[in-house]
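Labels run A, B and C following the written order; every chain starts at residue 1.
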Amino acid sequence: MNITYSLIGVIGTLVVAFIVSLLLPGIERKFIHARIQQRVGPPITSPGIMAPIKFFFKQTISPNSPMPGLYNSLPLISLIVIMVLLVILIPEMYFLGAFASVIAIVGLLKVEEIMYMFMGSLSKSILSVRMPFPDMAKGAKHPETPRTFLEELSTLRAFRLIAFGSFPVYIALFVSVAVTGSIYLADIVAYQQQNGPILFTVAGALGAVVFFIGYMILLNEYPFAILKTKADVIEGPYLEYAAKYRSYVYLTRGFLMFVLATLFATLFLGIAPNILNPSFIITLVVALLFPMIMGVMSAFSPIFTYKQFYPTVAAVSILGVLAIVAAFL
Amino acid sequence: MDDNKPNQTVIEAEVPMGTVHPAALEPYRVRLFVEDEIVRDAEITVGVNHRGVERIMEGLPVEKANSLTEKICGICSNSHIWNSCLVGEKALDIEVPERAQYIRIIMEELERLHSHCLYLAHGNEVLGHGTFSMRLFYIRETVMDLLGMIGGNRVQYGASILGGVRPRCELDDNRIQQLKDGMDLMEERLTAFADRFVSDPMIMSRITNVGVISQEDAIRLACTGPTLRATGVKKDLRTEMKEYEPFDFEVITQDGGDVKSQLLVRVFEIPESIKIIRQAIRDLPEGPITNRSWEMKDTPLTKSYIEVPRGTLYHSYALEDGRVRHCVIRTPSMANIGAMQHACIGHHITDAQLSIVQCDPCFTCTDRAIQIIKI
Amino acid sequence: MSLKSYSRGRAVHVMLVYTGGCNGCDIEIVNCILSPKFDAEQYKVFLTWNPREADVLVVTGPVTKYNEGPLREIYQAIPEPKAVVAAGACALMGGVYKNCHGDIPSEEIAGPVDQIIPVDAKVPGCAVRPQDIVAGLVSALPLLLNAE
């Protein structure tokens, strides 16, 4: 009986998470961006639900890539990685021990980031080097220079993202560890159920801000969209995905939005995602609130180059360190 | 070899962009030579859009040739047809009625308004600020409606003809009232936008000291128009044109030469254009709008320079049997290409397209060069 | 209506390719999609710059020689089903540039568009009006909806 109950909890949570995550891009687009830009905007179902279904029914073509199979499987892998991330957040899975800990979450998020690098280096899109254009004309500058695809530029940036760009989100994860004194999710949730959410302490409030910036960086939303700016790399790592693989890309993004918000609810509010628990509604509210705030911020900001990106990340990281220090005081 | 040369650069890779690229909009090819992600050299390929307008104009009757010049560019179409008519009028000694002059000025300044709005919208799009971009497109619609109202077409309105303006473009009381209302609306919306734009810290940090063209470089590279004025050179051909003599306006300059100055020059030129239009409406003389009493004759090569939204536009042709010969057109973007390439260098690759866009390129205007391909 | 057609009608991704027109049509199309006044997104039309994502290719301009190869490659990169909308007089018949003097062919123009890639909908106008663009996109939709 107990096992059936847990199973329903895990599967139900996954299903609800999936459905809500499909709506998030539409909500961001219709209610935030379109409202700010004073236009009607698309129907709420279009960007998140209908677009992936449409791509699912398109002709599957082989992407232009040295390893088409691997390239096409990458979005599916990252979708699974995020799903695992959600599963270990569910209280029924806390028996996994070290797997249900902050360290495992850091590892899974790193895998997600590394995917961008693989995608970028495997994609060879038409839009730059392969464009049939007589570049090597008489009098062309530097004809011997090696030529790079736009996606390789994106790979370079993905590497920077891994190296330090995603620093804020990891520091924010350890704020709750510092407050509760344990890396296990079970202990973190239990501590907050006893002592109240750590969001309402000084360390927690600082940590939440840091987490939010990290959330935007990890989701590559403007102004932190260095991986896929329209100004140079267009869509970066995703350029060659077509048909159903592109729909996985769409689904992954919506799901990542939801899961990161759930992570926040677990670590800072002490509410683990479980559909059988009435406080799941708070998780849903957080999941809706995060993309909305993100939408407002991205609608009012230009894209950052390194000149703005580095100081922002550094400042936010320092804030995160302060939050950890505040946790020990 | 001196290894400590300050300007020594290492080119690690080439990043080609185009001919289809979201930041470019127009088809052109730009090859950026980068070290890490810093642009060390750039090459813009001109000629992708080459359609041979001058060749088509060769041998056409002058009236037809004039309206063909409009098809060179869809943004500054009025400038082309106006300047082409000016060449013909200068050659054939046609006196243009004063009312026609005023209507031409109104069209030209309306065009400057929509061109600058488009420039700012495109600039914001490349900056990544979709909201401002859409806002500017929205503001621009006011002007497009006015142009459509006067000319009958939203884009190519063909106002000027030899000896005046087309009867369709006559301004009656109803149209003048609409123009007045439109200008009030434009001013209100643009002032609100300009305040918001100038005080936005994120945009300002993004565009300050990016894509710098120094004053010496701007003069050396023969920049024209707002691109030159953004480096602090107070030069506007409008102050020297006799058509603009009755009007009172200021020449806007900025000192920086960076993207910020380039954008701000355009932002502050928009109120000046509104000022000119208001003066033109107020002082609009009565009288005919076309002078049809002129005779065709053979003329030597005649040339005309005018100030258009992007800089100095040059048209010249000779007339033989009423047909156009030896037609040469030099557009302002052609002069600014050197500055575009120069401005990219030393900046991050995300800023490279911005550095190109800051000079307000119009490659459809520009493309009359032919590339020689190595066989 | 099957889920397939339903979803295709609810999310249409449009890619723009400019092939050397005079900028007039190009800006009217961008206007149609970016300007809040027309806002094509309310009709479920989304702008994309990636051929792999696109359903409808909107082509303007008379296709100059240098643009012929890129246009063809981009068309091939779009996965089926796809539709092509040629917008503007130049894209339909070469405009003023194609036949420069009577029957003398132009040396610079490779187009019009339907000589290079198959065209499904033609939107006339010089320059095209934003309303017409939306109408042209809609007229190409049945082709997408009924495709396999």
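Note that a contact is a pair of C-beta atoms (placed from the backbone, for glycine too) under 8 Å apart; a residue touches a chain by one contact, two chains touch by 3 or more.
Because the structure is predicted, anything quoted here is derived from the model rather than measured.
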Between the pairs A-B and A-C, the one where more C-beta pairs touch: A-B
Reference chain B; chain at largest CA-centroid distance: A
Distance from chain C to chain B - Cα centre to Cα centre, in angstrom: 26
Separation of chain A from chain B, taking each centre as the mean of its C-alpha atoms, in whole Å: 42
Distance between chain centroids, defined by C-alpha means - chain A, chain C (Å): 34
Multi-chain contact residues (two or more partners), chain C: 36, 49, 66, 70, 74
Touching two or more other chains - residues of chain B: 19-22, 48, 125, 134-135, 138
Contacts with two or more other chains, residues of chain A listed in rising order: 37-39, 127, 131, 133-134, 230, 234
Residue ranges of chain A in contact with chain B within the complex: 33, 36-39, 127-129, 131, 133-142, 145-148, 150, 153, 156-157, 222-223, 225-226, 229-232, 234, 299-308
Chain B residues touching chain A - in the complex, by the definition given at the top: 11-23, 29, 31, 33, 36-37, 41, 43, 45, 48, 124-131, 134-135, 138, 202-203, 205-206, 348-354, 371-374
In the complex with chain C, residue positions of chain B that touch it: 19-22, 25-27, 47-53, 55-56, 59, 68, 71-75, 77, 118, 121, 125, 133-135, 137-138, 140-141, 144, 153-156, 362, 364, 367
Residue numbers on chain C that touch chain B, as the complex places them: 17-28, 30-31, 34-37, 49, 61-62, 64, 66-67, 70, 74, 95-97, 100-101, 106-109, 126-127, 129
Contact footprint of chain A on chain C as seen in their complex: 3-4, 6-8, 10-11, 13, 36, 39, 41-42, 44, 46, 49-53, 55, 66, 69-70, 72-74, 77, 79-81
